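Every chain is named by a letter (A, B, C, D and E) in the order it is written, and numbering of its residues begins at 1.
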């Protein structure tokens, strides 16, 4: 790693911390890997192990079960877990915006969620589908009027015409489309080929990547409370690094086991940055209005079995700004820009196959 | 004796389920990660309709796979038994099919046959069934006793007559053994294939969706349905096998 | 000579498969054959059916365009080795569990009646349903210096698939000795243990070998599924989903780990043949799998 | 009247992994119509092989086999013979009646005719009460009787039997021998009968063909000086002439293999 | 001198699905030391059952079985007898030598002693050149000889043999009978020998125990008026006294089952 020379040398003094990601290592998690690589965690007195997940690992469960100390997860999924008995608290809302899109062919006539009616709409499932159900509920649509198809790991179902509109993250699947070759032209697809519906613009929008902590330990465990603030500070620095050095961050993620091509990785970091920066109240600050909107959407959405994500308001312990405020304040004192008002994304050219 | 045979597994089941329930209720095992049998049954009751419809979707895929896989397995085995060359040609392909994990094939088949249809899943189930049916049928077709073959020659029987009078009836129990082994594989495969895309509503998709929001009692309730379907497939094919072994044609 | 002809025919079979693939790709309808709304024959696009030579050529190309990226086949091979190691551990665990269960069931008829139906039933539970449970429970195990590693969860899940054929096959094998042999042992006034070592275990070998082969294939499949399921890094399951995720832009790449998985499974099953060769004397009377 | 079987100059070699196996050499043998001929000889001397040549289940390397004046192949296709083996070889999924009618239904005989014939045959072999049983519900001796009834189904003028009683215990065996004698007398068929048992060969045969160890040759043909086959009954087994004939065959046999060397009998 | 076997008042019934099977009834039998006694009788009359009672492989319902003055169970644990069955029952994964030494190694006999004994035994049964072969490389007769050597391994004073030559062809069988006669004479062991074959029983025995059909009873015990077992040789098979003894046993047998009704022999 790059700059660990000035870090505290004595390893034993570091507090071991496990962070559970919600998917394989990729640019989406650039800030955490950057914090690790740049030695921010070490400086904060933490020995952080970043644990990737796979198809069936539910990060908030790993946290609730005490397997890890912190977990990254989407807010709506965790709301479901909290109702099922998970005792976890959102301590930092890293992504301020939803990055979920629904992508259709430009000539398909699908311009808004209302146009989903009678169409085949792709979604990943695994709890990633709630924004879609929530947005559809607003338009009076549900699984009886819209056919929901599970997408797998790639966009082939959409490219092959099996589904009319595909769920896509701005930072990943949308890029996959732009990297693919249009068999008719032999060239890569361009943005003009698609219409894009962003859930951020619908009432279905829900909060995504947040850092979750163990509620009980937050209440009773002083060391954990202190470590939490230190952890958040390091994470923030990591994300600032990613915002300022997207190319380096992309390389760091690649070094940590991500296998995407360079241009795709860079695109991912850049688009992820866009979901974080600028952060009006400082990175990670939980906007109560946004959180309430997410709760409202989670209460309204019903999936094809008629099950709602949650049936009642989550408890007050579901989120707290206490730690992120502390972290932000301390960093601000150090003169660090925690809002990224001047943030400008770079331009990334996606190469064929994301190479 | 016969009753002990029936009671023994039931006792084991009751003891295990009871211990499980007690562990969750009193033993400090969190109901969160390992839901109690009662909680699971509660979900079965609450979501009965969707359990049934999901069971029908996955069960149908498994059934189609079972039929397709059995038919192709038997047909190819007949060819392989008749022609040594075909047998040897099929050998590496069958060996590969026997070791290929569903997770590897599912995305590919979804792209080939369309993510909006059940065909990919049905093909996955049929591939899982094909292997044991082919292997067992081929073995069965080679079980014909020399004395029976000599007898048929002495009757100057036509190849067709030999096939229907001796070869097929001899092979039949083996064919059914293959189908029985394939039956529970078909259900599992059809279910697992749902994790990798395609129309929603099947058991696999609902297990993962439930688990993703920590609705574990519901997830296990769907698992329970899948076990029941798998068991039903197994028992039906077992019964068919019993009949076939006893009377053959 | 006869062996050579066999291999030749096998190669011919693969060649025919390739030719059918390419012929269908060249001549088949682009959107597959759809009859009554059901696509019975696949699409022929490069996305759905890459050319065989593209898949093979892709193996030789670097994984990504990054500097110093290793060729795809090297990545696949090293991932396969990782998985093979985990599967081997899973296989061993399955062997121990399967043998112990079989011994218990052989020793007490009541245990056979009580357990066997559940052992059969256990295989109708989809692995992915409990992969997270295993990982979570495992991660809480910490005894002294021993700390549970994630790969052990994967091995444990692999053993879940591996133990089954072994338990069933070993039980069948342990019960295989003829009455006449058992009575011989009784006439020698030797007990269960000596009967086991002198008679039942050797007699079980012909039943055990096919079971071990099946278990090896199952262990590999289980390990791969568990890797996918728990997101373990380094193995073939991991690159399987990773490359599948890249299949829209790089369709041929996704086939690399598929071939890797097949070779891996064949290697695992094949290594049992080696074991079988060592146990030759116990296989003088061969039985079917 | 043509002879039932005429074998002339027959040689048979098998190609095996271990090289050529010379099973039969220069066999000359004629079986008249209605005659009962037994083949006896040490294990591996080619008795079964010779019988299989007559049945056209295998072909001679050199020489010819004629059955009722035509080639073995033609005779097989014309269904000139009935055959029975050491294993009864019943189809386990068919009842006794269905097993017996097997050759008839294969050859397209009508249902009524089949039923009538099966009725006759189960009576002949004393299994009328067992027509609807499955083979696994019968004793070994009963199974063998079904096999014999089956071999008689098409009223062949020649019966080929390869150790049909080999798997039976001695007492059942004696009983079956008497039955077979009676049945042959009733049907008037010629029989080629392979056996290991000297008393059996003596009790049943008109002539006993003693074969030498591999390569199998006809060592000696011992004519039986006993009552006509049809007149033989169990008491004969205790008569002096019976023992004489046994001794004659024994000596013919031992002449071919003067010293049975320890541990080298053929399997 | 204690008798080898004393059976008194033995009854044996089996419980089966179809009800009680009365296999043996009121059996009284004594076998002296060194005596060769054959059991003969129709299939299912309980010969094997009786032998299994002596071997303590099964227990009588009533009555007692004594072997060398102690209970059958004690005798088994003390390894007082050697046993051989119709199938040779060799372990296919052990060579001839390893099969023969099986009881010795199970009982912890040292390697050197084992080797010496095996050497003796392969010599005794004429298989010295085959010690390293596996059973499937041997003919049926050779396998049976290995089984006999195995039954002799611990120098038992009593040999129990249940149709040991039942699966062999007649010529090999005669040969094996001569061998067994010689071996028994050499070892001086008492033998209880189950067989279906009258000539075999006659050739080998001091006394032939003829049993009646089920429920098995001792119908008649026929003493053989022949040379001492050790002096019997192949030529005796052609002597008049041999045929006389055969006739005597035959008649004792047929007396028990005057009419063998068609189709009802027991399996």
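By definition in this document, a contact is a pair of C-beta atoms (placed from the backbone, for glycine too) under 8 Å apart; a residue touches a chain by one contact, two chains touch by 3 or more.
No experiment lies behind these values; they were computed from the predicted model shown.
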item: Distance in touch steps, counted as few as possible, from chain C out to chain E; value: 1
item: Which two chains share the largest set of C-beta contact pairs; value: B-C
item: Identity of the chain that, by mean CA position, is farthest from chain E; value: A
item: Between chain C and chain D, centroid-to-centroid distance (C-alpha), Å; value: 53
item: Rounded Å distance between chain B and chain C, as computed from the means of their C-alpha atoms; value: 17
item: Distance from the mean Cα position of chain C to that of chain A, given in whole angstrom; value: 35
item: Chain centre separation in whole Å, for chain E relative to chain A (CA means); value: 84
item: Chain B, residues touching no fewer than two other chains; value: 33, 107, 111, 114, 117, 195, 208, 211
item: Residues within chain C bordering two or more other chains; value: 43, 47-48, 128, 132, 136, 228, 237, 241, 244, 247
item: Multi-partner residues of chain D (each touching 2 or more other chains); value: none
item: All pairs of touching chains, each written as two labels joined by a dash; value: A-B, A-C, B-C, B-D, C-E, D-E
item: Of all residues in chain B, those that touch chain D in their complex; value: 145, 147-148, 150-151, 153-157, 161, 165-166, 169, 247-249
item: Parts of chain D lying in touch with chain E, wherever the complex brings them together; value: 42-43, 126-127, 129-130, 138-142, 145, 169-172, 175, 179, 196-198, 237-238, 240, 243, 247, 250, 253, 260, 262-263, 265-267
item: Of chain A, residues touching chain B in the complex; value: 55-56, 58, 60-61, 64-65, 77, 79-81, 84-86, 120, 122-123, 125-129, 143, 147-154, 156-157, 160, 162-163, 303-307, 309
item: Residue ranges of chain B in contact with chain C within the complex; value: 4-5, 8-9, 11-13, 16, 33-34, 85, 88-93, 95-96, 98-105, 107-108, 111-114, 117, 119, 135, 139, 184, 187-188, 191-192, 195, 204, 207-208, 211, 219-220, 223, 226-227, 230-231, 234
item: In the complex, chain D residues that touch chain B; value: 52, 55-57, 76-77, 79, 81, 83, 85, 87, 89, 91-93, 102-103, 106-107
